[in-house]
Amino acid sequence: MELVVERLEAGYGEMQVLWGVDLKVEKGSFTVVLGPNGAGKTTLLRAIMGVVRPWRGRVVYRGVDVTSLPPHRKVAMGMTLVPEGRRLFPELTVEENLVLGAYSRGFKGVEEGLELVYRVFPRLKERRGQKAGTLSGGEQQMLAIGRALMSRPRLLMLDEPSQGLAPKLAAEIIELLARLRDEEGLTLLMVEQNVAAALRRADMVYVMEQGRIVVSGPPDKVASIEDIRRAYFGL
Amino acid sequence: MAGPLLKVENVTKRFGGVVALDRVSISVDEGELVAIIGPNGSGKTTLFNVINGVYRPDEGRVYFRGVDVTDLPPYKRVEMGLARTFQIPRPWPGLTVRENVAVGAFFGRARARSVSEALEVADSVLDIVGLSGKADEVAARLTVVEKKLLELARALAMRPKLLLLDEIVAGMSPSDVEKVVDTIVRVRDEMGIAVVALVEHVIRAVRRAAERVIVLHQGRVIAEGAPDEVLSNPKVVEVYLGVTQ
Amino acid sequence: MASGGGLEPLLDTLKAAARKAGPALAVYLVLLAAYFIFPERRQLIATILFYALLGGAFNIFMGMTGYVDFGYVAFLAMGAYGMAIAFTYMADLGYWAIPVGFAIGAILASILAGIVGGIALRLRGAYFAIATIGVNEGIRFLIEGGNLLGGSVGLLFAGKIKEALGDDGFKMITSTGSDLILFGLAFLTVAVTALILSTRVGFALQAIREDEDAAKALGINVTKYKLIAFTTSAVLASLLGATFWSLKGNYVEPARVFNIHYTVEAIIVVMLGGAGTLLGPLVGAVIYQGFNFALNTYVAPFLRELGIHALGIHLPIFALILLAVIVAMPEGIVGYLRARVRSRVLREVLA
Amino acid sequence: MPSPLRAAASNRAVIVLAAIVLVAVVAAAAILLLRGGGGEAETEAPQVQQAEEKFAGTIKIGASLSLTGRYSTEGTRTLAGALAVVEWINDNGGVEIGGKRYKLELIYYDDESQPDRVIAIVEKLIKEDGVKVLLAPYSSGLTAKAAPVAERYGVVMVSHGGASDKIFQQGYKYVVQVLTPASRYFQSTLDMIRKLDPDAKRLAIIYKESEFARTVAEGTREYAEKLGFEIVFFESYPADATDLTPILTKLKAAQPEIILGGGHFKDGVLLVKQMKEVGIKAKLIGILVAPAHPDFYKELGEIAETIVYPSQWEPSVKYSPENTPPGYEWYGPTIEEFVEYYNRVAAEVLGKPDLGLSYHAAEGGAAVLFIAKAIEEAQSLDPDRIRDAMNKIRIYTFFGKLQIDPETGLQIGHEMVVAQWQNGKRVVVWPEVVAEAAPVYPSPVWWED
Amino acid sequence: MVDPALVLSSVVTALLVGCIYGVLTLGLNIVFGVLRIVNVGFGAFVMLGAYITYFLYKDYGVNPLLTIPVSFAIGFALGYAMYYAAFRRLVGAPELSTLLATFAVGVLIQELARIAWSPDIRGFTWDIGVLELAGVRIVYSKVVAALSALAVVAGVYYLFTRTRFGLAVRAVVQDPEGAMVVGINVDRIYAVSMALGIGVTVAGGSILAIYLQQGIEPYMGIPYTLLAFVIAVMAGLGSILGSLYAGILFGFFEAASFLAFSMIKDALGLDILPYVLTRSAAFFLLLLTLLLKPEGLFRR
């Protein structure tokens, strides 16, 4: 198991958001968490990463209990999060953003890292000297993923990578992630709303509602998936 | 009152070189429930902000209740009966739910004359949206859906003539969507408020409630009419639903 | 509402205001009683009142809007100068010089509030704080450098008060008279604060404090309400400055009346007690001044007896306590209690 | 996270506890703060203390002094000086009233150099501690705050560190002064220059922008014009100026022969130092306050040479019973005795053996002397009788002549001495009767590079 | 009417004193730029630096220049400790809390200094000669102080723009959460930045002491706090090189307005105080800056 989450509870201030989430991510898999706004998907990723401190429960990464480690330690261990809203450094150049991705490695292997990212996202190479804040939405998303790749992660977590993107672009991004999984041996854990594109590639699906996992299983085995899709999008 | 409640006439709005709205004209009658749909970046939010006065259009005029409000600041329009909710709810986190709504009752068209009056209004509106049980809770502690309902209540407490709803059902679970849409329809029916809702994804909600749908694409109105008719319009399917289907 | 008359909402408002004002008024009444029962502590009580009012008037703006006006002391200075001008140049008015002095001070303060408000209220956070410091220092150095109103020497006018009010009048107004005016100001401040809290103004201000952009987008005329609070706070501060520094102290010196130290003390009083609450500044002032007075006049001599010569040791101690309060109870003592008290009655008392 | 129920329970316990503690603290504080010494104030007669056989009782003098804050340097020395004289008087039989001898006691509190503290302290001294006479706080500003309180309670207050003239123009009845007022600070210096060099004409005045220095500067200008000087430069600088070079360059251009000015210690040192840097040369440079401080030379070294300053008092001044002027009566310790007591008090009572002696100390001591003399003359502790007695006092002390203007309480007897740094020492050079040495004039090539 | 020597002297002073202002403001600006904390207790740290130089020079004969790194190290340690003792919990807290907390720390340091070193005003003389230039005398120690100030600014600039630490700091400033997820120990960056800011402030105090050599006392830093605020706003809160530019500009502004007010006074025979009015003008300049260019004059 790449990642095991057990009875995870977390929240902000006095407000509890996660009410005991159990989740397993298999090595090399593409796991997707679905759910409406406010279900706690983002909080789940933030708690796994340690951006918010879990209240209770455990997060085990590759057999090591990492529940209370700070994010920078987790990045060093191979976990990386592409956060909601991308969280780029808008005043820094594209390349500076990418270089910072290798921070946890003490900036080792920056050259190879950049090579990889520019191979995957040729657009970024064209814009390497441009400030990140001036990129288009799609390019920013590429940069966010590229920056995450710079830390050479083994587990890549993504928070709504399709947010704000045209459906076509969103689908492309997801295809690309799937390719990365296949080529680079990444494990992917993704939180999404754009169900259709996500489901096509997922190995395992969890559906969250109000801070709890309500349905889980492989996409084709979860009987209600179609219903969910219809329910959310009316299509 | 003669004429439509809201009339947007040939409005153009540019940001730098980008044309966000390109000669958009729409009108809304009293008590009507209109949905404006369109993909991200189609200009929906810009149109909203032109209507409520956050942006001033580069060209064109906006009329509300027969008055040219193009140059009026937002608060004046609110006093005339325009209320809105936010896509990402923004209640005042430190105030209680009741207090949040009471602020609404003080401003807008309602203009409560005393605190007790404002709180009365607040309680009655909270009843309508089904938040009475949380009245004494601090707003920060509500769930996302509850915050959206709170925003709706706050807007209603202003006794608006026209309610602008920005993505109110986005990302809600199906049961919540149903609940909220029912509430909106009920409010419209009981209070006679015209509603303009922005909707990006949740077409189901549009089908369920809207009487008229306006489709925006790249800053232009590309279709308008009854929901079923518009949603089956091939042009709309192409630009709006895109490659997904 | 059925009658449509204006009386019912007014009564409602007054009732709500009275409920809010009750606890603070009660504490002031206790202080007033203490003032008469313990004549040897009148100046201590007056000093506590000064700080309670310093915090109270400050609180109307800062507590309700979240803006920190570092140049706040300038409003006290306006009041102090107003009263000083009245006596220095219009001593033949006799007792009328007092209301005239208050009026000049209040007018100066509201003009200043209008100008500063118009310029600086557009700024937020640290920028606003620094801009207001700038205004305060700018005026001070203008008075000194331009040699206006006595320049850096300031106006000393005890003699003029004697001239206007006679010897007995002087004694009365510089002691009991000004102390009682302070009490009057205290009641006024509480009443005004309670009234604001009980009307749309208070709701608007709280909304602005919580999220100014949301308030604006919701149709609240943000500028107007900020200015109302700012000016109210300024005028009350000017009355305080006129009373405590001019009527009681008879001496207005720019280096003192524009001293930022008083702003910091106002913040301390408010923060100790709790921002945005009526009881807060009062509690803060009692603790701040009481603590100071006790340490200074009882503990320090006691230590001296023991042979410990640490002059002013209470200041670093106080700084540490302050730091601890900020880190552990950011909402102040009253705020801290309110957030943790479940009883509704008690919560209302603490509000 | 503890369970909500448990949390609520523990919360309640904490609140109850907090409430109890709060109530207890408030009650204790209220009792402590408000109880006061009501009983004491009623006792009109001096209190009898059995322990001290020698004395029939104690007379309390009160003081609000700046032991911390911006006047703490001066305040601490004032305290030591006042305590030194109190001890000297007690060692020499105390104060006599009606054939009985009373011990003096100084009750003092720290006012942190804050005017608003002064008010409460002065009242406490009068009402609770039952003091009969007050020493004013240090500085004119604080004295101006304390004066109305003393006035309202009808207690005599002696100003020793408030040189302001203004306070004495307010018609206060109970406020009197023992030091030379600011407006006369440079008078003796100007007299000296006139005598030494009747041809000197061009005078520059540069002062710190403050009430005190401005009063001095204006008094100097007025007196200098009377003596026929031409004022070629008259300007001020702010208290916290970082660099005075520009203003000094301008002063240099005015080509003065004599420069008088300064304000307080800090800016005075800076002023002199930068005068050298800018290369100003003059026949005589007189600076307020700063040169009187022993550290002045320590910091400036040779730059301080030949700097002249007006002083309320110098340890080396030769006031003695022998040169008592006619019409005056010698009273109190000799200078040697004063210095001895001062050093002992500083070391033993205040725990500061290295507290340098300055004129502030002498001022504090002089105020105590003036009070003691007045009580003996009045033969009473009644404020009005003390105040009346003060009008008649003409004494000569280690501090020099003391005599007040009966109408205003302003000091008219005491004169400034003029001192000069010569070879690393402060030397009294004027007036001639009490001078140690002749002034060096003109300053022989004031600064050579 | 205007004496050329006066003008030249004003220019030189403006330049020299401007560098000092610049380095002082820099200390304030680092803390604000990274942690968004306005250090109201600023003056206390300046005072600390001045005392360090004073004691090392007076008691141990250390060359004052060498005391600058010592001050920096002490300030660095102090800032680091302060962060973990109190300010860690205040990152992101409302302005008021941080303003008061820094104020309390300032009072604490000042009062401890007063108790430890007495309120006496101290000074020293480090005379390394004078340069005479066209009738204007320039003291070498001032030049040395100004050059040290430039060196400190240059060092900090290099650190923030040319090193990977600097890159990480800028990342944290722009998006703390983004920095967190790329593996930056944000807490550590805050701590080091606070340490750096306080270190530069204390070192600035040493430089100031070399410049003035006089008036060292526990409360000496207070006026510099206000001044540094004004200059920081002109620089743009958080701007590094801007601090220096604004410092020098402010030096020139002071000199120019002094000359202007002097001329007005002489020409019109007004009873005004030019040097004091200069201060007034400075604060109105501050307001004007805030009004017209709130992001500062030197913000790119």
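Chains: A, B, C, D and E, in written order; residue numbering restarts at 1 for each.
Following the convention adopted for this analysis, a contact is a pair of C-beta atoms (placed from the backbone, for glycine too) under 8 Å apart; a residue touches a chain by one contact, two chains touch by 3 or more.
Worth saying up front: this structure is predicted, and the values here are computed from it rather than measured.
K.L.:
How short can a path of touching chains from chain B to chain E be, counted in steps?
P.N.:
Shortest path length, in steps: 2.
K.L.:
Out of curiosity, which chains are bumping into both chain A and chain D?
P.N.:
Output, common partners of chain A and chain D: E.
K.L.:
Going by the stated contact rule, which chains contact chain B and chain C alike?
P.N.:
none
K.L.:
Sort out for me whether C-E or A-E is joined by the greater number of C-beta contact pairs.
P.N.:
Answer to which pair has more contacts is C-E.
K.L.:
Distance between chain B and chain D based on Cα centroids, please, to the nearest Å.
P.N.:
73
K.L.:
Between chain C and chain D, what distance separates the C-alpha centroids? Give it in angstrom.
P.N.:
So the centre of chain C lies 33 Å away from the centre of chain D.
K.L.:
Using the average of all C-alpha atoms in each chain as its centre, how far is it in Å between chain A and chain C?
P.N.:
52
K.L.:
Where in chain C do residues touch at least two different other chains?
P.N.:
141, 144-145, 151-152, 311-312, 315
K.L.:
Provide the list of chain A residues touching at least two other chains, using ranges where the numbers run on.
P.N.:
Nothing qualifies.
K.L.:
Once bound in the complex, which stretches of chain D touch chain C?
P.N.:
So the residues of chain D in touch with chain C come to 8, 11-12, 14-15, 18, 29, 32-38, 41, 67-69, 72, 76, 109-110, 112, 115-117, 119-124, 127-128, 141, 144-145, 147-149, 151-152, 164, 166-167, 169-172, 209-211, 214-215, 236, 238-239, 350-352.
K.L.:
Under the stated contact criterion, what part of chain E meets chain D in this complex?
P.N.:
3, 5-6, 9-10, 13, 16-17, 20, 111, 114, 118-125, 130, 136-137, 139, 211-215, 217, 219-220, 222-224, 227, 255, 258-259, 262, 273-276, 279
K.L.:
Can you check the complex and tell me which residues of chain C touch chain B?
P.N.:
1, 6, 8-10, 12-13, 15-16, 198-200, 203-204, 206-207, 209-211, 213-221
K.L.:
In the complex of these two chains, what residues of chain A are touching chain E?
P.N.:
Touching chain E from chain A are residues 49, 51, 70-72, 74-76, 80-83, 86-92, 96, 99-101, 103-104, 107, 147-148, 150-151.
K.L.:
So in the complex, which bits of chain E are touching chain A?
P.N.:
Of all residues in chain E, those touching chain A are 164, 167-168, 170-171, 174-175, 177-187.
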